[in-house]
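Chain IDs A, B, C, D and E follow the sequence of writing; residue 1 opens each chain.
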């Protein structure tokens, strides 16, 4: 569970709701106008549909889930696992990893180890795994771009809605008492567009990018690890190489755990 | 047929039409001003003409079609076809592919296989096919940039039109009752520019980019496949290599089809 | 002659002139204010002068000409010429090209062939010609950036002029009847800036980029062609290699011409 | 201590405070509206939380400290240290550096020298140190992006707050005397957003980038230096190579110090 | 002396001064408001201080000088000099260049030739000179970014100042006669910010970039030239290689001078 996404969303919505409620002396309903909402949400969704294939858009739900749920494995744990495999391979021979693959649920690791066990050419292993990594990056990128695009069309349709409202208001300026409320409604679409972009679409796009970077880091560790296991490297050297992917903080955590495990 | 483009366009136009109609109490005609439309459409088309060669602009129609019609072949099918050719080449010799080329309608595959059959140098085959791929990217890019440019000049001419309208209105402020309608008309050009950019030009540019990426994927699969056939690779390895270009979802679909075919 | 540039400019100016004329009931002179024009044109020219060396700015005229006049030779023709030279070189020996260089007016081709005839090292030929190509790109880029910069300072000085006008108007608000006309004049500079940027500077910058790309394509064909002639390649292979630089449409035209020539 | 950051912040806050105080005839409290502040600070913090993992955001404090405290060692000093180590290694053998590592507090230098002393493969040393450098860049980048993001959401929530205020004001336009104060409050959120972005978030992001560049420079000098020591280069040549990383001013300072040290 | 920078600055200031003077019927003092000026200049300087180290900001003066003074040597002259050195080296041996280095005032050329005379490894010479070139680019870049940053914060503080002015004005709307002048002053900060960015900071940043490009060109010519002298290349070939760095116009000038010199 990615707490940050949830806390952020709840805080933003709570704050804005409170501001609207207290600002309007409790009549927050003046901030709700269904036709305006339809223009902004419907319009930006429609333009996003034109911009992307239907399949990407229908995947949006699954993509959003990624922003709320973090990976279950940390880079530190993954490195320890890979070093563990390297130790087994060195001690009992690389073929002994075969039985192990049944217990691993990360399909990517299984594939890499299976290829190493099968005695595939190192170059081929790297090529196959790297291609898969590229495909993952590509897919994550599509999800991210969906939200970046939504974050661009949201404010645009907000402005279009406000222009429509202004034209209507300006054409009927006979009754000055209606100018204020008319403009208030016209402005609402701009507000909806700004909210859609800045509270939902753009922050989610950023979080999806980070998820993608995390995934790339994990998959890169696996690729480096499998290559090292395949070439029969000393487990200590494997660990040293893989730990360079960690930040100092992560490295310290790993060292502590490692010591605890050794004790 | 690319349903997303059609659904998106119809939805956007329907929504905005409904908003204009209901907002103006049925008098949607207040949103139509021919001179304003002429400034925005004509002006942005004119600036796009200055920016591009006549030939590119006249190709626009053909380019738009690309946004509405999807490729008839999926990457998965293409891989199965390439693997099929690899099997034939391995079983009956590479020359046996010659007769097959008459049944293939993708000119690009035919060219690649023909060169392999002719015994051309692998390097030359890769060079010729890659150059062709580059040319396709270049051409798609031109189409995309046309719409990106239109999406930039649309709002610019919208603003120019509004400024013209404002100057006229401000010069004649003697009759206050005309200020409102004058501004309403002035604002219309900004609205037209925003619609041109955000409903038509920019989403189409994005979709054309995606079409280009799809085409690049397909052509890359063909190049990799022809190279593998030429070097006499095992069809299973050809398939494994080519499948790394697919996303996991596509890969699963392919596996299901493959099994169905084997059954 | 590049018709697109001319048609675009005439259309844009015609359209805007008509809009101003009809909008002001024939009094288009309200859109002309010499001091406002001086601020926008003079100011953005001055800032462009600060940004660039005097020499680049004085070259502007020659650069603009590039946007109105297309290259006299098409890539297709150029390839046929290069293939022709390759045929002569193969039939009569490379030295026979020497007499030919007197009839070619493209200095770049002459230089390349001369170096090949002189028996220069292939690496040196490629290096010298590529350096020259880089220099051309550099020079075109300078021309383009001049207009991009003008397109950025135009609207900026438009805004500065409007702010000056607003300050004057706001300081003298005693006579309400002067507010309208005062603002009308203030707005004119913004309009001039938008016109300078969107009708002249930015579209010309785009067109110059395209001219540059065309020139790079032609020069790349020459470099590839000279290298092939120098290494004594078969003219058919030279043609095949060079044709990969063409788009399918251009390739078809070339094939038609080629057949016509053969007939 | 990075004086520039402190001077800059104090100057900006002082100036703006004075402008608000004198502008409002001493009633600077009109610029303070707690709900407006809550919307801008809370809202942009919330969206930043959605965009980043909780861990990055909680690191913000430590990251900010980087903007206020400069590195204690200058590139010039570092070079002198590295040259000193090279002299010792050449005079007394590379193993003599081992005792020295206990006196060095830069963990990165110690690691590099330790690996050189241990006789690790030069390639491995470079790989391990470069990976660590990459990790540092990555981490710094995260800190910087946090503030860049805050600098983008600040103005966005400023605008959202202003729109909320405008809607409230426009709905209640019966009492004209309340229009002015209503708009004043509405505008405050935009001002808060602009201040958050332009006085705090964006300048700090820039400074963090510079800190990162400094760190990269120092770490690169260490890597180059360790590689040179490992290969037993002449200390003079080590110095010559390392000094190319300095700007002429830094180089002159180093030369003066060097002379002073020699005297 | 870089005339363009001077002419540009004088023209811009003259034009704007004239526009303000004539626009306000000679009372140009309405455009001067010291507190507004303090907010914009002081505020953007303060934020720039936060963003950069104190040292860079204090170098600003020296950096600005670069924008007003052009290099004293043209690329054409430099090439002739380098070719001259190559002739001497070939005629009298490379050691004969040693005495010459005392007459050259460009420290960079002296360093390069000295290393060639000393018989340093070609790779080392290239590495040392290229590192120095990189350092120059880095330093120029810092100067440029200082002004780009100033050009971004100028308008931002202009807007902040206007918002402060608007809040004050809106809070005191009892006296309608003060609204106009109040807004006039509020707008002034926006105008100052726009002038700071578009007349001073951004054009100077562009010019500094060009100076940097010129310097890189000159230093690249020196590096190529020294490498050619070191390897004992024929002076004619050295000239041919170096001339590829010139634009056709520069090349023609050089040829004319060369002929004049030969005559």
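We adopt the following convention: a contact is a pair of C-beta atoms (placed from the backbone, for glycine too) under 8 Å apart; a residue touches a chain by one contact, two chains touch by 3 or more.
The model shown is predicted, which means the values in this text are computed figures rather than measured ones.
Colleague: In this assembly, which chains make contact with subunit A and also with subunit D?
Modeller: Chains touching both subunit A and subunit D: none.
Colleague: Same or different interface residues for subunit C and subunit E, judged by whether over half of the residue numbers are used by both?
Modeller: different
Colleague: Can you give the rotation angle that fits subunit A onto its twin subunit E by Cα atoms, in degrees and rounded to the nearest 5?
Modeller: Result for this pair is 145 degrees.
Colleague: At what distance in angstrom does the C-alpha mean of subunit D lie from that of subunit C?
Modeller: The separation of the two C-alpha centroids amounts to 42 Å.
Colleague: Starting from the mean Cα coordinates of subunit B and subunit C, work out the distance between those two points in Å.
Modeller: Roughly 26 Å separates the two chain centres.
Colleague: Would you pick out the residues of subunit D that each touch at least 2 other chains?
Modeller: Within subunit D, no residue touches at least two other chains.
Colleague: What is the order of the chains around the ring when you begin with subunit C and head toward subunit E?
Modeller: C, E, D, A, B
Colleague: Which residues of subunit A touch subunit B in their complex?
Modeller: 35, 38-39, 42-43, 45-54, 57, 127-128, 131-132, 134-135, 138-139, 149, 152-153, 156-157, 159-161, 163-168, 170-173
Colleague: Given the complex with subunit D, which residues does subunit A contribute to the contact?
Modeller: It comes out as residues 2-5, 7-9, 11-12, 15-16, 19-20, 22-24, 30-31, 67, 70, 177, 179-181, 183-184, 187-188, 190-191, 194-195, 197-199, 202-204, 206-207, 210, 237, 240-241, 244-248.
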